[in-house]
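A, B, C and D are the chain letters, set down in written order, and residue numbers restart from 1 in every chain.
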Amino acid sequence: MSLYTYLLISAIIFAIGAYGIITQRSGIKILMCIELLLNSANLNLVAFSSFNGNATGQVFAIFSIAIAAAEAAIGFAILVALFRVRDTINLDNINILRW
Amino acid sequence: MFSDYAALIVLLPVIAFVLTLFLGKKLPHGGAYLPIAAIAGSFIISLGTFLEIYPTDGIVQQSMPWFAGMNLGILIDPLAVVMLMMVSFVSLLIHIYAVGYMSHDPAKPRYFAETSLFTAAMLSVILSDNILQFFISWELVGLCSFLLIGFWYHKPSAAAAAKKAFLVTRVGDVMFLAGIVLLYVNMSEIITSRAFSVGPENFILQFKTMFEAIPLINPTQLTYITLLFFGGAIGKSGQFPLHGWLPDAMEGPTTVSALIHAATMVTAGVYLVARTFPMFAATPATLSAGVPDSLLIVAYVGGFTALFAATMGLVMNDIKRVLAYSTVSQLGYMMLALGTAGAVVGAQAVGISMFHLISHAFFKALLFLCAGSVIHAVGTNDIREMGGLFGKMKITGTTMFIAALALAGIGIPFINIGTAGFFSKDMIIEKAFEYGELKGDFIPYAFAIIAALLTSIYIFRLWFMAFTGKPRSERHSHESPGVMTRPLMILALFALFFGFAHLGFYDYLNKNFELMTGEKAALEGESLQMSPIIVLLPVIVGVLGLLISYAIYHRRMLDMSKLVSTQNPLYKLLLNRYYEPKIGADIIGVKLTHDVVAQSGEFVDRKIIDGLVIDNIIGNTLFKLGEFVRKLQTGVVQNYASVTILGIGLLIIILRIKFGGT
Amino acid sequence: MSYGLLAPEIILTIVGLVIILLGLLITDKSKNMIGYFGAAGLVVALGYVLKTMTAEGSFFYNALVIDPLSQIFKLIFLIVSLMVVIASISYFKDNRNQDEYYALILLSTVGMMVVASANDLVALFVGFELASMSTYVLAGFEKKNPASLEAALKYFIIGSLSSALMLFGMSLVYGVTGSTNIPVIIEFFKTNPMMATNSLDIIAMIFLVAGFGFKMALVPFHMWAPDTYEGSPSVVSSLLAAGSKKMGFVAAFRVLVLALVAIRIDIQMTFAILAVITMTYGNIVAISQRSIKRMLAYSSIAQAGYISLAFVVMTQMSVAGGVLLALGHALMKGGAFIAVALVGYMVLSDNRNAKNLDDIGNFAGLGKRAPITAFSLLVFFLALAGIPPSAGFIGKFVLFYSITIEAVAQASNWLLLVVIIAILNSALSIYYYARVIRYMYVLPPNGEKIKEPTPYVVAILLAVIGTIGIGIYPEPFIQMAMNAASVLGV
Amino acid sequence: MAALISLMIAIPLLGAIITFLTRTREQARSIALLTSGLSLVISLILFSRFDSSISTIQFGESYPWIASLGVSLKFGLDGIGMPLVLLSNIVIPLTVLFAWGETKQANQFYGLILLELVGVLGVFTSLDFFVFYIFWEIVLIPMYFLISIWGGPRKDYSAIKFFIYTHVASLVMLLAIFSLYFNAWQVSGVPNFDMFYLLKNYSVIESPLLKDAIFLALLFGFLVKMPAVPFHTWLPDAHVEAPTAGSVILAALLLKMGGYGLFRVILPILPFSGSPGKLISLMAIIGVLSILYGTFLALAQRDLKKMVAYSSISHMGYVTLGAAALIPLSVSGAMFQQFSHGLITAVLFMSCGVIQHSAGTRIIHDLGGIAKHMPKLAFLMLAGFLASLGLPGMSGFIAEFLILVNSYFTLPTFVILALFGIVFTAGYHLWAMQRAVFGTYNEKLGHIHDGADYGIASMAILVLLIIFFGLNPNPVLTMMTTNANQLLNFVVLRGVIT
């Protein structure tokens, strides 16, 4: 597989993630889409690392995975707190702050 | 010795002004004695100066630098000294008279302060040795006139008349100022081009410097300058077409009318032309260039005004209005004298004109004071409500009759006995005739002689209506107190006998411009020998006018009711003063200037420049835009994400287009 | 190798961790002490930074560098954190979660400082995320308040999206250049200029811009900012607007030099458009706000527009101007949000159940009710509007000046147009500031005069002194900014 | 006694701070009067030591400030600045005196007035463009507050319009300052904000287009302040709503900053601009347009104060015209017009203030005959109005006369146009006097009475000064002429006009 195949796949994943963020209403799904975005970048990094012949990319990817985990944790925490107050995580309804 | 204190002539009344204004309330008679004393001082110094310089043909010149190359200074030459004596003397008499006349007015201090300031300003006009100081004093005279016309400011008509007087004369003043601007520019160009050197004692706008530079000034420019000066004179002396303010100015106290609008201030215009006469006289050289001769215009305007004002004098019913139009008419004579005689006898015209000016000052002041005395007695201005007053007011009646005779110019020709007006006015009419002979243009003469007839008719109409016949009002009238009648008698003496001074006067004034510049003016031509009929004619029309009035208004030989009715268009035209107030004030003043120009300006300013551009286009658009854009912030987070991603997409597209893609 | 130059970060990390530990050990009542402890830590760190303003050094295989640019931004972050911490002593008084709060603030500050020093994309990303994640939590710290949670959620979603975008961009850069070390990347583009203009690289650049732009609140990556600033606790808004926003700028300064080397004119034009749209948008929308925090948020967007003008020409002068304005903005906006927090305190003391604490109506007669706050807000607003003598003026002055001279030097009409638009914007902003000023000083008060709590006052006065001080004696700050700019070698 | 100028600026600044902190209005006004009076004393000392025969900067002071930008605190006075410093120091204490009875937030009120003094003094004395700009901007803020706290019904709109409009103009001017600064920097390699230095290097700029752009930007900045038509629309609004003290300061001092800019900045660079001929015509057109437009608009006003505001526009038009004529005496006339208008307009606005205060209205039609009950006011107001319409013997005449007479050399057509305005100028002044002050007393006004003594006193002092300078303009005119001559040396050298 050439580099471009990886890039293509990563681009597709990225696109799916982006599309999901725009269209989904559930907070959880949006979190998952963000994970998709991050992982498309990770895929890139690893692929480039392999083709560039140095390990920096893989190191970067490991960092990024760790961060993504933390991020997801925070995201869920916020969603839980929100759910306690508002009884919903449908993002369409969460718009008291606007204009 | 007196001439060293010449500055005091002006300063004394100024000091009196300040003192009276602030201390007048605490002094008896509203502090009237301060200005009287001060003006008496001015008169004494003037007289003393005259006696000093008359025998030696001297002149007094004092000057000091002021600002930016201008100066303040004093010039007392024959022209100035006779004016000084006249103004201070008449003013003194009128002030004395006013002590009685104004005795019941609560605002006496203000009155006397203002008349005192007026006298100072007028004396300063006369004394000025440069045109700027002349202009400044001239404006102050106008200011005082404004203040005094509006003396009873709580009367709306008085406030309106004051405003009108100031505005109309302002039109002339602006022309005068424009003339000064033009003169200054020409003078400084002459000076910088070094074609002309000024000594350290000479200043750019000094009369002396100006007159010396006359030959160097471009003749066309000189004509413009003189015409603009004359424009100023038209405004101040109430010549056509800026005459309308003067009859309205009668809203002030009668003493003011006598002082300002008859004897002194209005003559400032004539004095201006006389003062700068060498410049006017130098203009005919440009006739060939198609530019009109300034003196010709002076003559025509003066002559026309003399006639024009006299026609209105015929129909006025307000005693002061009649006298006001008479003043306008007589000022026209003075202008006419400067214009026609200037062409015939050169600078001697100044003497002729000034002589009429001074004799007019005496008899017109007298007329007004008499009118004041009458008004004081009957409490109305309307001559239709007077009548039969002679029995009750002998002194007033007699003195007024003398004044009327003087105004009508009645005397006995060939043996030279007559009233002041006889000598002064007949001389002008004769010169107008000579001018006709010389130039083949008898129009000025025609103006003058017809006006003389009308003058005689209206003044005796006034006298007969007021003093003879049956009383037409119930009011019990009585003679005025001595403080008022004594000045009348003094003035009557002058009105009767001043004329005999005419020869000496002419001689003295003829030297005027020679003394200043040191050059001898060429005497132009000997007087023509005149046919007796021409010499007699002015007197004949004068007497004729008297008889006509006697017939109509005393003997009631003619029924005037047909003529004197608003059905008669001519009468209506005259009574409405040729619709001048309507055209001047309503149409030009209010409709055109205020309603059309100013209001449309206001509209443009508020609605277009400010409203449309600033408020609507800039202000409202921004607010509306803000309100609109604000709504894009929906509060839904997916939309935010969409915008972010859309933004990235757009950026990529923009940059790809830039690069064409690789 | 000595790690002395990294002492501030180390101290803050330790203090942060100790605070968490302390929180477990002490009673809820004595937690009010923690704020002072945090402030002390910040003061020590600040002292270190001030001492080493001109120091240079590099650490961890050149992943972190200490240079004037990093130091001046660290200064900004530390000052802001200090202000926020001091103000929070009042704001979060008697809150039983104070320990976590202060720990998060300190950690987020460490994150920002790491970004300021980052010389490697990995370090940059890690620092970015540290700061971001701490602030996500901080934004939602009032966990009973739906607005606060909503703010946190929006901030979090858009923030993570941006992080992902940025990471994606970084991956592409790494792919093209084979390195994550910024100087190496720049060197690579310098030697291979052709590489710089391929599509991948442009996309990478845009993704990076999006990532930084999110923090900077640059249109179109700004959408979260008004909601988050409005919903978060005011002191946290202060940290976000004044502190973490600047993180985006320092990252952009470091990385986008590369853009400058790479694609020059076009990125210039793009930034110019972004900057102009941002400032205009911010100002126009700010006009009609009734919530002062929201208005400040939009004003903050507008300010981001001004600061990003620095990228348009990328001269030493313009970067210095950007840095100065960033410094000024940190003080002014930080102070302003804290002042709003004080107003909220005041309103609550009137009425415990009051809603819309930052409604403009609550500012009526503030000049009488809380004179120090009102005066400080006046100073901040005038400074934000660019009226001299103030930090805002000096920053704008240098910045606008740098653009003008470029416009003149390049005879570039569109650059001139950009400045003129910036200037008109600056004038327009007066409108909404003046509106608040009017409420404060012209309208009658609707309550009694209050006693302003000391911690707030200290924090606000710190900002006021900084704002005016820079305005009156800008010389050392200009020097610092110029030094910082010279690091970039532009 | 080297630092007199900075002392003169520092005293009112200190006074302002103290005033803000005082508690009672008696303290506040006493301190305001005291400090502004001290400042007046210093300016009188400066004035008496001033050598009118030299055109260079006197009493120069310089302190380093922002070295990296080349900014230093440079102050100094010459014939352009000295009279305006004197004017400021005359007007402000009198304004404080006039507003002696202010009760609303008095300490802030007097403090802001003192801050205005600080601002204008700074503008008129600073010789460093950066410092100049700072003072230029500082002036806005107190005025904004004066209007928006103590103003009339539409004060919000007016205050903000004033603030933004003039601020935009300052910013445009700032751009031009940038360009000048950059240019000078390139020439010498050293950053320097010295005003004269920047202006001197203007001629080095190569592109005529750029030169003109800089010139126009500066001109715009000053014309808005003056204000000249068509950039004047902020002025009527500001004046109508401002409190009397604010109007007085605005018209008497703030407008003068624009004129000061013309002399200090515009004239020195005018001969070196890209197309001086066109720019001169532009200035002349704007000047005459302002004169006539202001006059006619004043004629249309129903509100006395608005009328006075438009008359200010008209009078400031003379300044532009005189400056554009580039004749030494026309320029010094224009400078004198600034000085004189400052005194006159103060009287006019004070009159409006007294009328508003006691009659409760300023609409001319609603007044009438107030002279009956307010004789002192009527007298002083009449004096002010007469001065304003250019009555000889008052300072306004000297200025307008010098401008008209001397501008005729280079701009004859414009002078003739301006002359037309004079009649109408007299017209609206007298019309207003007649309707408002004279005539039958309008009984609807109820019982009115003369203004308070301190107000009348300060007006009287101003009237005396107007008359004094009308009779003897030399104390200030001489120094103006000296500097005007020096300014125009360049003009002659460059052969801009022949």
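Operating definition for what follows: a contact is a pair of C-beta atoms (placed from the backbone, for glycine too) under 8 Å apart; a residue touches a chain by one contact, two chains touch by 3 or more.
Because the structure is predicted, anything quoted here is derived from the model rather than measured.
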Practice problem: Looking only at C-beta pairs in contact, point me to the busier pair out of A-C and A-B. | Solution: A-C
Quiz prompt | Chain centre separation in whole Å, for subunit C relative to subunit A (CA means) | solution = 25
Quiz item: When the centre of a chain is set as the mean of its C-alpha atoms, what distance in Å lies between subunit A and subunit D?
Solution: 64
Self-check item: Chain centre separation (subunit A, subunit B; CA means) in Å
Solution: 96
Exercise. Report the inter-chain centroid distance for subunit B and subunit C in whole angstrom, where each centroid is the mean of the CA atoms.
Key: 77
Exercise. Could you tell me which residues belong to subunit A and also touch two or more other chains?
Key: 21, 30, 91, 94-98
Quiz item: Among the residues of subunit D, which ones contact at least 2 other chains?
Solution: none
Practice problem: For subunit B, write out the residues touching at least two other chains, lowest number first. | Solution: 630, 633, 635, 637, 641, 645
Quiz item: Among the chains present, which pairs are found to touch?
Solution: A-B, A-C, B-C, B-D, C-D
Quiz prompt | Contact set on subunit C toward subunit B in their complex | solution = 153-154, 157-158, 161-162, 165, 197-199, 202-203, 206-207, 209-210, 214, 219-221, 223-224, 226-227, 263, 266, 269-270, 281, 284-289, 428
Quiz item: Along subunit C, where are the residues that touch subunit A in the complex?
Solution: 121-122, 125-126, 129, 133, 136-137, 140, 143-147, 149-154, 156-157, 160-161, 163-165, 167-168, 170-172, 174-175, 178-180, 226-228, 230-231
Quiz item: Given the complex with subunit B, which residues does subunit A contribute to the contact?
Solution: 18, 21-25, 30, 91-92, 94-99
Quiz item: Which residues of subunit B touch subunit D in the complex?
Solution: 66-69, 132, 135-137, 139-140, 143, 146, 150, 153-156, 158-160, 162-163, 166-167, 170-171, 174, 177-178, 180-182, 184-185, 188, 589, 593-594, 597-599, 601-602, 605, 609-610, 614
Self-check item: Residue ranges of subunit A in contact with subunit C within the complex
Solution: 3, 7, 14, 17, 21, 27, 30-31, 34, 37-38, 40-42, 44-45, 47-49, 51-54, 56-57, 59-60, 63-64, 67, 70-71, 74-75, 77-79, 81-82, 84-86, 91, 94-98
